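Each of the two complexes below includes chain A, the first together with chain B, the second together with chain C.
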Partner chain A sequence: MKEIKIFHNALKDVSALASKIKENQKKIIGYLCSYAPEELIYAAGFHPMRLFSSKSDIILAENHLQTYCCSLVRGILEDSLSGRLDFLDGTVFPHTCDSIQRLSDIWRMQGRYEFFADVILPAKLNTQSARTYMVDVLTRFKKDLEAAINREITDADLQKSIKKFNLIRSNLSKIYALQSKKPGIIKGADLYAIVKGSMIMDKDEVANLLPVIVNNLEKTDAPETKGKRIVLTGSICDSPDIYSVIETAGGIIVGDDLCTGQRWFEGLTLEDDAPLVAIAERYMGRMICPAKHSSPTARGENIVSLARKNKAAGVVFLLLKFCDPHAFDYPYLKEFLEKEGIKTLLIEIDDQQQNLGQLSTRFETFIHYI
Partner chain B sequence: MIYAGIDIGSSTAKAALIKKNRLLGTHVIPSGYNPLTAGITVFDALLEKVAVSKTDIAAIVSTGYGRASASVKFADKAMTEIICHGTGAHFMNPNIRGIIDVGGQDSKAILLDKNGQVENFAMNDKCAAGTGRFIEVMANALEVSLDQMGDFSLKADKPSKISSICTVFAESEVISMIAGLQKRENIIAGIHESAAARVAILAFKINIKEPVMMTGGVAKNKGMVAALEKRLGFELIVEDFAQVNGAIGAAVLASRL
Partner chain C sequence: MSDKSSDPKKINCAKKMRDIMTTYYLDAMTAEQNNKQVAWITSGGPVEPLVAMDIIPIYPENHGAMIGASKMGEDLCIKAENMGYSSDLCSYARTDISIGGLPKPDMLICCNNICGTVLKWYEVQARYYNVPLFILDTPICHTRYSPEVAKYVRAQIDEYIIFLEKITKRKFDYDKMAQVGKLAYESQVLWQKVLNTTAHKPSPMSAFDAFFFLALIVTLRGTQIAVGFYKDLLAEMRQRIKDGISMVPNEKHRLLWDNLPIWYRLKWLSNKFSDHNACLVADTYTSAWCGAIKYTDKNNFLDSIAEAYTRIYLNIGVDQMANQVLDMIKFYDVNGFVMHSNRSCKPYSFGQMDIMRIVREKTDIPVLMIEADMVDPRNFSHSQVETRIDAFMEIIKQRSR
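Take a look at the complex of A and B:
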């Protein structure tokens, strides 16, 4: 499908993509996690772009972040220090895991980009006071953006932005639902490219392409593959190879709870509410990441229901090495799933090194016995 | 009907033949640089050894790191070594419920159900701690042949304590011990205890159930077996076919194709 190819091509060269975006006088604001309020960044006239590591060797970042920090955080700092992110006009750091917060400190002290903001979101996302606080934080962030652009961000700007993101998110949800209904209709590597592309490409372009893909997939019949249905969970997966290895081993990815997947795009923002309240509501209602708190068993119940809803034969935990929030949650999530008779596999991934031989041994064995 | 299993591992390539649920023979050679050549060579050598013609082979299953290239060229199917070790152990001894397989670059703990099907497994994560390679590197540093490592360590009176998990750091630790004139027997016992500690973690991760068979090339090392038994708190079943168990499992799986 030529629309999917556009997503793949966009991922090949991020700086070329950035130059194209900048041709239209747009400034680019980078962010690292799915709690960054993209609607506000976009409403301010900026292009919100999620940052990923280019997976280059860590040399300069070694002076700032030790090896016990995850490869994502180290890799992005390396990219910044070596000038690979010079296209950025600013960055936004939402308050999530410790490593991202420390990266924010290092980043600010380096002062390489014009705009900088920390968005100090509440850690608990299930209380009334957190709700009020969340709206205050978003109001403050809006003021920071307004100071940078020297004009007010109106409710109309925000509503327009919310509509755009709702369009992107609802179409991504439709693609996932179609894949779950007609497994194998789309390759894992394509799914990866579409979601990652949606995080970094021009939002208007993404909003135009996704409905075409949905439309094409709706008309496509389910392939006659008999793969085993797999749900992924964890932090990020920035390696299309992992998707291919799973498919070669006889699995089909039918859903995920990944920061670079469903967790990023699930849930729509109410369009007729006060915009900042509506944006806060979405974060409060969305499935939390382990750096946030909801009820003590929220993630366990969610992964079980996600696995059931997608009729998963097994759940694969993809955890970035040294990501302690996810590692802390892993034992209880595994227990929740296994109590329900759902088999699990843990894979630790690292942006800088990937041993595909070992990965395929694990996946082939797991898919064989689930 | 004769069925063949070929296990191309990182250190050695193994082949096994079975006929009417009976083991006909096995063979082991070093893997060398080319996994495909190793697979073909070990297979041909075994055929010659047991005087069986290639045309008598009904099906071949390949396993180990070279399994994919072998299945493209001459095997009927590739299966992972985890499944093959499970099948092999169950074929040779149907009571087995747990396997500890320590090979050249991997160590694995495998849990079997009563039908010999893999129920769960845990595998070392990339690094060489707790693998055959770790012991090999240390054997080189100590100028002891791999085969002698077991006997040496059984003569230890006070095993040295190796604190580094990383093979490279552990090697420099061992070199410091050599320089400190510590007894070679004690250093070797310490190396086995250190590797056994890593492997035992895998076994505990999957709540391994007895009886447990130890397979893979490292099972030939008596010192390592003893260190593991001490760590685990139970005895391991070690048979002569430990190293070729994966190839036997592959041959059994070939008979079911």
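Take a look at the complex of A and C:
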């Protein structure tokens, strides 16, 4: 499909992509976590772009972060220090894990880009005071953005932005739903490219392309495959190879709990509410990340229902080494799933390097066994 | 005191402290028989309302430190790994999750002002013990304490009290709270004064002693016992200064320590530095329990603790942490800085390299960074650390010539 090709091409060279965006007079604001309020950034006229590591060797970041820091955080710092992110006009750090919190300090002290903001959202998402605080923080962030652009961000701006993101999100949901319904209609690597592309490409372009892809997929018949249905869970998965390895081993990815996946795009922002309240509500209600709290068993219940809904035969944990929030949840999520008869596999990944040969053996064994 | 030892360096209050801690643990162990409730609380959490409600606070982190000091860390960490917990997680959490052994909690109080780890750790325990969990969410203050944060945390202090009332089925006693608040404040002031005595040359105690004497300010803050004890300890330190007793017999070099102690190597490290005539006079860790008193209003305790608990050492930006380090370097007049890069504690350790850079830029003292873990000895390379300490001390000696 040529629309999908566009996504693949966009991922090949992020700085070329960035230059293209800048040609349209758009400034680029980078962020590292799916709790960054993109709608606000976009409403301010900026292009919000999720940052991924280019996976280059760690040289300069060695002077700032020890080896026991997750490879994503180290990799992105390396990119910044070595100038690979010089296209950025600013960055936004929401409250997330301890590692990103400290990265925020290191990043701010470097002062490489014009705009910088910490958006310290609450860590607990289940109380009224947290809800109020969330709106307060978003309001403050809006003011910071307004100061940067020297104009007011109106409700109309916000509503327009929310509409755009809802359109993107609902189409991504549709693609996932179609894949779950007709497994194999889209290749894992394509799924990966579409989601990642949606996080970094020009939003108008994404909003135009996705409905076409949905349309095409709706008309496509389910392929004759006997692949085992797999759900992925973890923080990010920034490796198209992992998707292909799973497929070669006989699996089909039918859903995920990744912040580069459904956790990022599921759930729409209400369009008729006060915009900031609506954005806050979405964060309070959506699939929770382990760096946040809603109840001690929220993620367990969630992964079980996700696996059931997608009739998954197995769940694969893709955990980045040194990622505390996810590592803490692993034993209990595994227990919850296994109680339901759903098999699990733990893959510890390093964003910088992957041993695909070894991975494929492990996937083959697992998929054979489920 | 009856047990005056022949070693003049020995601090007499140590025995008193051990006795107090034993009584405290016995009380906690028999809480159920005595119809008392037990709360597990994070080391940076607001314990005072618990004390006011006559609930016994238990600190799994303190327990983790004891496990580390008694060299049981490795076995317990391995046990946690067999349960599926990655070896990269905080070793306090790993040992606590695997050992149990503490009096069963009736409730869990988790304040995330020290890290995100405790949030996950307390969720694990909330599932295991199936008891209510209260989270005091203190947003990190990278650059400032904003009005939004102030409002949010203050609201949670009230929620905390409602939570306690619900679990104990008793009304919160605000008068008692005011009293407890005053005692907590007083003990923190005393603790700060104890720590300050090491500015004297030679220093009457070392950071290794501070690591030990810290237990009371953590566990019994808000009680008369803590106040009484730290008064005695302060008096003893002052007496030692008067009598010219120093912890390191021939103190020539004064060092500052950063990060948690390496519990299973305390004695060795202490001797190692002492052999070089160096005293670790202060550290960034033990002062965390009094570093925020400037935000505490003892006459308006509940209102002020929102800020005091939010702006503690780990919950601020790395540049602010560096400023505090610089202040300590000056105040204690140290001539070397030893940083423990602690695999267990990411919020404490990430940013250390920037602090090191800042210290190097702003002072002329040498900085040493050693890689270890506070409880898990598998991450400690004895010979490597020894060589590095020796080399570092050589530099310090050369400079002081």
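In this text, the second predicted complex is superposed on the first by the 370 of 370 C-alpha atoms of A that agree within 3 Å, B and C clash if a C-alpha of one lies under 4 Å from a C-alpha of the other, contacts with A are read in each partner's own complex, and residues count from 1 in each chain.
Basically, a contact is a pair of C-beta atoms (placed from the backbone, for glycine too) under 8 Å apart; a residue touches a chain by one contact, two chains touch by 3 or more.
Note that the structure is predicted; figures quoted are calculated from it, not measured.
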Which superposed partner A:D238 touches (first chain B, second chain C, both, neither): neither
Chain A: partner with more touched residues, chain B or chain C: C
Partner chain(s) touched by A:D257 [first = chain B, second = chain C, both, neither]: neither
Touched partner set for A:D351, first chain B, second chain C, both or neither: neither
First (chain B), second (chain C), both or neither touched by A:T361: first
First, second, both or neither for A:P290, with chain B first and chain C second: second
Partner chain(s) touched by A:E38 [first = chain B, second = chain C, both, neither]: neither
Footprint overlap on chain A, comparing chain B with chain C: 348
Residues of chain B that touch chain A when the two form their complex: 65, 68, 79-83, 106, 117-121, 123, 125-126
Chain A - residues contacting chain C, complex: 63-66, 68-69, 95, 97-99, 101-106, 108-109, 118, 120-124, 127, 129-130, 132-133, 136-137, 140, 290-291, 293, 296-297, 319, 321-322, 324-325, 327-332, 334, 348
Footprint of chain B on chain A - complex, ascending: 343, 348, 353, 355, 357-358, 360-362, 364-365, 368-369
Contacting residues of chain C [partner chain A, same complex]: 83-86, 88-90, 93, 112, 115-117, 119-121, 123-124, 126-127, 133, 135, 137, 139-140, 142-143, 146, 148-149, 151-152, 155-156, 159, 317-319, 341, 343, 346-347, 349-354, 357, 371
